[in-house]
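In the two assemblies presented below, subunit A is common to both, partnered first by subunit B and then by subunit C.
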Partner chain A sequence: MKIVVAYKWARNPQDAEVREDGTVDFGRSRAAVSEYDPVAFEVARRLADATGGEVIGLSVGDTSIGTSLARKAALSRGLDRLVLVADDALADADSTRLAAVLAAAVRTIEDVDLVIAGESSTDLAEGQVPLTLAAGLGWTGLAGICDVGVADEVVTVRRDLPDRRQTLLLDGPAVLSVTADAVVPRIPGMKEILAAAKKPVQVLDHASLDVTPVGAAGEASFEVLSTSRPADGTRRRVLIDGADPDTAAAGLVAALRTIGAM
Partner chain B sequence: MNDPIQTCVVVAGDPAVSNLTEIARSASGHTLAVVVGPRTVADAIAGAGVHEVVWCGEPAEETPVEAYAPEVARLVTRSAPRIVVGAATPAGRALLGAVAAATGAAVLSGITAVRVEDGRVVVDQERYGGIAGRTLAVTSGPAVLAVDPGTPVVAGDAVTPVAPVTPVTVTPRDGVRITGTEPRTHDTVDLARARVVVGIGRGLKEQADLALIEDLAAALGAEIACSRPLAEGSGWVGKERYLGISGQRIAPELYLAIGISGQLQHMAGVRDARTVVAVNSDKNAPVFGRCDYGVIGDLYRIVPALTTTLKA
Partner chain C sequence: MVTPTNDPDFDVIVVGAGPAGATAAHRLASGGLSVVLIERAEVPGAKNLSGGVLYASVLEELFPGFADEAPIERRITRHVTTFLTADSAVSLDYSSHTLGHPVNGVTVLRARFDPWLVGKAEEAGALLMPGIRVDSLLTQAGPDGRRQVAGVRAGDEELRAPVVVAADGVNSFLARDAGLRRTPAPHHLAVGVKAVIRLDPGRIEDRFGVRPGEGAAHAIVGDCTQGIGGGGFLYTNQGSVSLGVVLRLDALQASGRSTSDVFEHCVRHPGLEPYLRDGEIIEYGAHLVAEGGYGMLGEIAGDGLVVAGEAAGLTINNGFTVRGMDLAVGSGIAAADGVAEAIGNGDVSAAGLAGYRRRLEESFVLKDLRTYARAPKWLERDRLYGAYGELSADVLRRVFSVGTSPHRPLRALARAALSDSRVRVRDLVSDGWSGVRAL
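Now for the complex of A and B:
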């Protein structure tokens, strides 16, 4: 099977600073492979190994996704090769735009059986890109997949809905997004990181991709009127030393009773 | 410009869409619901204050909601809506993704309000796990909104006329089939109703140590919740109990975060708690910047002391 893993090179908002005016400064936060995407790499590797196939990493974003650090971070996690669309024009692209560019890239790879993605990205955390991508490709799109199996080239997947567990059989190409607990991803060692430097990387030219249909030809479909910082600074932040647990517990309970929290 | 705003609510097999119909109502125009799922779902939506229901017919047992995505996109775009609202769930997002791919519009998530100003659709949105907010005016294509679904809708009062349900013949995509369904026993805990909630995180060393947390919860009359790694990593606590941007959001009177570092993805789930207490052995844990009272100490010593004090 030929499997593409869509992964994001993303920053964690945990380390971002939200300014007074609501704009977000990601300056202090370092980009990394999006937190749950290694699960997708691992699922893909196991499927490919079981069927004698290939795993191709695919990422779309600004030029930072093409640095040697970023390439190695992905390639050391069980990929055979990498395809990138790196263009600063994609820096703040919304999920529809990202999905449209990903779809165009998947079409250039050709004969892809399956695209596997993470459940939600570290930065936007919407869980939307894989499903919009599926629609763009005209493929089946399923999210929340916690198990993927293959027998005789036929893929079956499982997902847990609130009240039932469902097994589905795919008989066509599909985009799957896998849950964080689908498998435990391998942690790359020195050997994998060294090998990563030798694996092929293909950089596709954004401008020459056939990015269809997207009515708004790459422009955002909205205008930002204002930004804001949600009120969150209203906590008391009283710290209690717990060196003596009994005193700390008594102090905490007394404080909670005083403010009527208990 | 003076035509009423046309809103489409897309329903992905599940009648739990109270927030979707509410968003549609706040745009105060004409609302069309496109329903995938059994007739009972279409009927429930028809009584919940929408004007018209288009129903995709009784689904075959083997056909998942997602197989309807292309047809839903067709039905939605045909009515040229200004606003499309769907559930921020896997199936809901599959339907919204099809609308997005067909129209080029972005799917906007984290929506807190929608209104029409000077003929433009304006939405308030939270991003990056709720750390930042922004207000957008949609300039082209429909406003496609992914909304936390809410509770099941029930037919409204007598004032709300029941909307007509029009069945349409659609062909779901093949390429995927449901081949098995098993009931899943899950915890029916209602964290949303609990006044006091104790959340436990990776500070817990072993599953057996949950007993400590259960004792504390009993002394407080609290429900137990957790951070994501305890539900989806170790699996020590049920998935129904984790809090945060991907889990549940609650607003109890009191929330105690025990052995939880306080990453924003977790804390977003308790932002509306009235009082937040943290117990953590690392004085630099981010949770101490987001709590009302923080005890710096080992949970294995603090929690039993707390339980004893409460019982006294």
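Now for the complex of A and C:
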């Protein structure tokens, strides 16, 4: 079984800063494997080990995704080899564009059975790349997958939905978006980093890829009309002083009664 | 998973990807040895906090034109040393554009600078292994039956090499593990607290009186530490300033104050506030600092192990300049050459690695450390952190206060100020003479 894991080398929001106007400055933050993706590596590795298959990491983005730090960070997490499309022309690409380039890159890898990806990314967090990638490939796309199993070369996946838990049997290639808690991913050790440095990396030429834009008119079929600060939701901004436990407990009860929760 | 064998995985394991470790790894790999550089942080520099200026001539020798290539913040062309009291400041201010060319001191932010230096080591062929915390040294019986270092252990994994370079910072668990270093005495240790405060580059240049690309380094003693032995520093980065205090642990304990209270006092000090106004704190951290100077240097080589940088206690504080990173780079060079020589001779015992110590003795690192060997002891004199600042401020207040009563000559003003102060002439002479000898 040949499995591709699509992952992102993304800015880590831990060091990002929210400006006064609500926009986010990623300038001081460092890039890392997007936190949603190690779980995808782990699911793929276990599946490949169970079937004697191969796991290929795939990432597209600017040239920073090809540094030795970035390569080892991915390759030390259970991959057999890496395929990259590293081009600064992709620096500001939106997630629809990235999905189209991912699809073109997957097409260059022969006989892929499955593409697995994390359910979102730490930087853009639009959460649609796996399914847009499926559309680009003309494959089935399934989101919210929390378990992947295999028996006799037949892959079954499970998804937990609000009102039902389903197990599906896959017939044909598919793109799976796995939930953040599907498995506990490994933390790379010294031997894995050592081995990572020796694993093959193939860098594809962006310009010569056959990228088919996703969308009816040959371009992304939407435009961004406006962007503004996210709504604060229904936070009531009630602060309870915890210095005296009795007063704090009474305050909490009163606050819960006020909103009708008790 | 690789099956465990006793075959070495590398010629040399370097632990710690700071200036000492990265320099050693670069030099060893450049010489054709296989080198792994293990770093605790996921990205080099992420765990580092430096409170000073990088004196760059040793790096300039290693990487000619380095200041144009490396991500440095500003070239320091102005050095200010200030005695601060609660309501006054007495400064010695030296500025010269010649300090910028050829490059002398530069400010760096380690999160940007360390990855660059590590990149040099990687280009030379060293393998960076980030995100790994080394737990202990791996030892085995040598040919003569003595235990010798044979690698490192991290979690349940082992990595083997005939030589380990411990460049793991001030706490160096590896040097202690090998019995090369005792736990430092409190008066040889200080705690440094630093904040990075964002300021517009133009404002920095106006407030600190420097040109674009150039910067200032302020060393401050006195009320910024509330009289606690140690000092403050304030230096300019490109779009931020770094402000911090370094407090000697013994003096801090004796004062009964908390580090954060002293730092808060420093940030709000009227003598410093004009430099910082409207700035926004974007980073805050604390770090132990070795302050013992030459007196803190112990054994730096064992069987299969050398210790470099701050792990070896290589820092200088003479009151005017605080140095660590340049000494780290210098020791990284000496360690690499000593290790390469030992491997070439097939003898990595402490005796075989003695070339490291010899090279360090011959280099600027130990020469400078010896020059300032008496400085730490001198800097323990409490009067430096309170009484002298008050005395000099009082003299200058009398000099610059002009009223209608007749002005007295300067020597009379100074005598009057001295007799009013808590400083005795005997102390002044003693401290002055010791200071001259220490510096």
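Everything that follows uses one rule, which is that the second predicted complex is superposed on the first by the 204 of 262 C-alpha atoms of A that agree within 3 Å, B and C clash if a C-alpha of one lies under 4 Å from a C-alpha of the other, contacts with A are read in each partner's own complex, and residues count from 1 in each chain.
Keep in mind that, in the parts below, a contact is a pair of C-beta atoms (placed from the backbone, for glycine too) under 8 Å apart; a residue touches a chain by one contact, two chains touch by 3 or more.
No experiment lies behind these values; they were computed from the predicted model shown.
K.L.:
Output check: A:T96 vs subunit B and subunit C. Expected answer is one of first, second, both, neither. What do you get?
P.N.:
After superposition on chain A, A:T96 lies in contact with subunit B alone.
K.L.:
Should A:L142 be classified as contacting the first partner (subunit B), the second (subunit C), both, or neither?
P.N.:
A:L142 sits against subunit B, while subunit C stays out of touch.
K.L.:
Quick check on the superposed pair: does A:R30 touch subunit B, subunit C, both, or neither? Answer first, second, both or neither.
P.N.:
After superposing on A, A:R30 lies in contact with subunit C but is clear of subunit B.
K.L.:
Looking at subunit A, does subunit C or subunit B touch more of its residues?
P.N.:
Partner touching more subunit A residues in the overlay: B.
K.L.:
Considering only the touch criterion stated at the top, classify A:P230 as touching first (subunit B), second (subunit C), both, or neither.
P.N.:
first
K.L.:
Is A:L124 contacted by the first partner subunit B, the second partner subunit C, both or neither?
P.N.:
The answer is first: A:L124 touches subunit B but not subunit C.
K.L.:
Is A:D246 touching the first partner subunit B, the second partner subunit C, both, or neither of them?
P.N.:
In the superposed model, A:D246 contacts subunit B only, not subunit C.
K.L.:
Applying the touch criterion given at the start, work out whether A:L69 contacts subunit B, subunit C, both or neither, answering first, second, both or neither.
P.N.:
second
K.L.:
Counting only touches as set out at the top, which of subunit B and subunit C does A:V154 meet: first, second, both, neither?
P.N.:
neither
K.L.:
Residue numbers of subunit C touching subunit A in their complex, please.
P.N.:
Per the stated touch rule, the residues are 1-2, 9, 36, 38, 42-43, 46, 111, 115, 122, 127-132, 154-155, 157, 159, 282.
K.L.:
Name, in rising order, each residue of subunit B that touches subunit A in their complex.
P.N.:
64, 66-67, 69-70, 73, 88, 90, 93-94, 96-98, 100-109, 122, 126-141, 143, 146, 173-184, 186, 196, 220, 228, 232-233, 235, 239-240, 245-246, 253-254, 263-265, 271, 274-277, 279, 283, 286, 288-298, 301-302, 304-306, 308-310
K.L.:
Applying the document's contact rule, which stretches of subunit A touch subunit C when the two form their complex?
P.N.:
Against subunit C, the touching part of subunit A is residues 17, 28, 30, 32, 68-69, 72-73, 187-191, 193-195, 197.
K.L.:
Would you tell me which residues of subunit A are touching subunit B in their complex?
P.N.:
Checking each residue of subunit A against subunit B gives 13-14, 16, 18, 22-24, 94-97, 99-100, 119-120, 123-128, 131-136, 138-144, 156, 159-174, 177, 179-181, 213-217, 219-230, 232, 235-243, 245-246, 248-250, 252-253, 255-256, 259, 261-262.
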